[in-house]
Each structure stands twice: as C-alpha cells, then as structure tokens.
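Same chain, two partners: chain A is paired with chain B first, then with chain C.
So, the complex of A and B:
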C-alpha cells in the first residue's frame, strides 16, 4: 500500500523519528515522508515509532492508500526533502 | 478533488499560512491540512500562498487526489489538530 506520513515531535526525538521513517519511506519534506510499504512493515513501523515518540506530546499522522497513488504532488517554495530511500 | 497540504514555513509566516489554508481546508495537525476543494479554489489557494511564503526559505507540499480519499488516517501520539473548517 501507499503511505504518506507526517510527524510533529519534540526536538529531542526528531532525528530518531526521521531515521526510523527513512528506513521504510522516502523523505519528501522536513516532516513528511511517503512510499510504498507492505502491510507487515507498516505494522512494524508503527510499533517502532510508538516506542520512540512521547505519546503525550508528539503526533504522527499516517495516511494509507490501497491504490492508486496521488494524482499530483506540487511544491510551493523550496524543495526541502529528497527522493532517496536509505533502506 | 481531495487535497492533503503540508507546510514548513518560517515562524513569522506560520499564522498567515495556517489562516489562509484553513479558509479552504480542514486542519489535521500542526502543519497538515486536508479537504475537498474545487479546481478553481485550489488554484486560488496556491496563488494566495505563493504571495505569503518566502519561496527561498519556505516549502508547501500539496498532494491532490481525484478519488477516492485515503483508506485510513491513523494518528500515533496526541491529536494536535481539529476537524472544523472555519470557512
């Protein structure tokens, strides 16, 4: 399935969260990632993120799509992220 | 069409950008909004945002979908946004 993930977490946890997300998804913008992911990896990612974040302060929103992907992605201003997938 | 918008802009412009976006979309999380929007309002929103942001520093990513909407939206941690649409 296709996933768009947006995180809003405390400064101390940003690096850990981004690193974990990049293991599964492509980085789009500072706090946004996207990508195709298997159901089992999706469950794994959520479990791993839940261990990192402070559930009283942080927020991670995940949109999932069966198909198709989005029709377009437009960026106004600068492009802050990349397309590469470290995994 | 259905839109997911994520902004990452300088502190000085956050309020203006959020206010403008909320005129057209629902606020989901700190920097994320979503909602159904007409093609003409979509063009209007982009034009208005382009006037507010500093295109050398700020970034706004907009995903558009013809249909259907996403299959699920999950939130880990706290829910920072609302569902209300001020417009």
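So, the complex of A and C:
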C-alpha cells in the first residue's frame, strides 16, 4: 500500500523519528515522507515509532492508500525529495 | 513490493542512519532499505564492508556490471533459506538423465510457446510473420523425438534462429537489422540490445531464486559447471521473449532508442549510459505490471510471476506437482 506520513514531534526526537522513517519511506520534504510499504513493514514502522515518540507531546499522522490509483500529486516550486530508483 | 535500485553515476554507497545512503558530488539521498530488494550497479561506486554486512543482514542482492554493461558478478549474501534437502533433490534431478531431460524439455517448450505468442501478437497487428510462425511450428513438432539434452539444445537453437529472422519484420527499422546473433562482443545495434536485455533478465531471475530454497548453481537445460550460475539461465528462457524482446521492440518502434545511443569501440558496439537508463527504467516498469493469473485468480506482477515459476519448479523437484512452464496468452 501507499502511505504518506507527516510528523510533528519535540525537537529532541525529530532526528530519531526521521532516521527511523527513512529506512522505510522516501523523504519528501521537512516532516513529510511517502512511499510504498508492505502490510508487515507498516505495522513494524508504527511499533518502532511509538517507542520513540512521547505520546503526550508528539503527533504522527499516517495516511494510507490501498491503491494510488485515485489520487494525484502535484508539486509547486522545487522538488526537494521523493521517490527515485535510478541514480 | 521491494524495489530495485539502479546506480549509473559515480559515488559512494554506504550505510547511514540504519538505512542506505548514496552520495555523489551533486546529489545525496537516503534509500529506504526496507523497501529495497536488489541493487544493480553500473557506475563507479565505492562500497565498504560495513555496507556489505548491512546488505547481508537485510538480504539484499547487489549485482555489478562493468563499464560496457556486462554482468560481472553478484554480492550474494549468506543463504537465509538454507535447504540441504532441496540441493539433494536438485542434484538428483540433474544426475538422472531422464529426469533432467524432462525438466529441460519443459523450459524449451515454455520458451518456444512464449516466442510463438510474441510473434502471433505482432502478426495480428501490422507484421506478416506467417512464415516464421510456420517454421517454428514445424520445429516444435519434432519435440517428442528428442532423447538427449544435446538434441534439445540444437532444437532450441534452431527455434531461436527462426525467431530472430522475424525481428526485422517486427522492428521495421533499417538501423536495427538483426543479421545473425553475435555475442561477446555484439556486432550490431540489435544484438547489443538483446545482450543487454538478457543480462538484466538473468540477474532478475537470480534475485528471485535467492528468495526461494533453490540453488542457482544447478540448472537443467544449461549444464552445471564450475563457473557460473545456471538455474537462472533456464528460467530466464521462458521470460526472455515476453519481457525482454517485447521491450526491445517497443523501444525501437517508439524511437526511444536510436542509433545515436550506441558507441562503437574495439570491444564491439555498446549502449550509452542514457540508453541503458531508458532500458532499465522500462524494464523496471514492465516487471511491476500486473496481470490476472488464471490459476490463482488474482493479479500478480511479472516479477511475482518469475517467483511463482520457481515455486512450481521446487514443487516438481519434491515430487509434489509436475512442472509446467508459464505460457503467456496474449
């Protein structure tokens, strides 16, 4: 499935959350990542993130799409990150 | 589905922040390791042992190619699906002449039927391939008389020869005439494309074999020897016509690759980097395309199809179900 993950966490934990997310998803811009993920990796990622964040202060929102067919994606301005597999 | 990473530029690939990181002079990027299945390296890439350890741990294969795009080798991580039983079974089927022939025959039948399917497709569109189809059909009729592997190899060679004769009619492009199959080095544009495509196909199948219990060193149609993997060559035979050849035809017919994309040097004719990138990108997309699988009743990608083929083979080896090759029906 396809997911978009956005986070807003305390400054102490920003790096930890970012690092964890980068192992599963493509970085798009500050606090936003997206990418294809398997069902099992999705559960793994959620579990690992909940260990890092402080549930009283931080917030992570994950949008999931079963198929990317019904959404479109537009960028205004520069492209900061995103998916790439040919370098 | 796990992705393939292709690297053409020069830089350093390393482990960073518990994921993969690729850095060049102008570009730096994290690659999600959990979403990576294999890495194909065409450029000058620096790696270190720490990275290899990480790839091993994450069960990611790394294939590398030389400057000319020839396959050089694979970093094949420690087997994670270690099955002595399967190796014994594979050897048993290899050593028994009759059992080996039966399997090898299936690979040739698969290749032949898929070749026929490709020709039929273009015959129905805008090419007159009746003659070629007829000749292949004729060669096919002698299949039951085959009793040795060598005869089988000869039959396969004949079939391919007839098949390659049809290429010019399909591409309808003077720049890409086939003439005859030439390898190491390929001597014209068409042969260069075929060689490059086949190389990609072999490595893709090898990556899928790694995810099964099968041992890539024991092939059936292609003899097992001291040098190279051979099971991936066998299974690739089935998919070459429907994946690689179709890809080549569409690249040429849509002018995505032209004669400007080639370099002539002493090593024969080589593809330029830009064209290699177009090729792998199209190949990557092709492998992700899903089709309705009749037996399973659900959609599977071409890449998955390769894995299913290996599972069928494994089932044959443990005497559970006779192996029948995948035949495209469109």
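Here is the rule we go by: the second predicted complex is superposed on the first by the 73 of 87 C-alpha atoms of A that agree within 3 Å, B and C clash if a C-alpha of one lies under 4 Å from a C-alpha of the other, contacts with A are read in each partner's own complex, and residues count from 1 in each chain.
The definition used in the following text is that a contact is a pair of C-beta atoms (placed from the backbone, for glycine too) under 8 Å apart; a residue touches a chain by one contact, two chains touch by 3 or more.
Bear in mind that the values here come from a model prediction, so they are computed numbers and not experimental data.
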(request) Compare chain B and chain C by how many residues of chain A each one touches, and report the one with more. (result) B
(message) A:74 in the overlay: touching chain B, chain C, both, or neither? Say first, second, both or neither.
(response) first
(request) Please work out whether A:36 is in contact with chain B alone, chain C alone, both, or neither, and reply first, second, both or neither. (result) second
(request) Considering only touches as defined above, state whether A:27 meets chain B (first), chain C (second), both or neither. (result) second
(request) Kindly list the residues of chain A that each of chain B and chain C touches, one partner per complex. (result) none
(request) Report the residues of chain A in contact with chain C in the complex, numbered from low to high. (result) 19-20, 22-27, 35-38, 41, 44, 81, 84-87
(message) Considering only the defined contacts, which chain B positions touch chain A in the complex?
(response) 1, 4, 6, 8-9, 28-32, 46, 49-50, 53-66, 70-80
(message) Going by the contact rule set out above, which residues of chain C touch chain A in the complex?
(response) 1, 3-9, 11, 17-19, 22, 24, 27, 29-30, 32-35, 43, 277, 280-281, 284
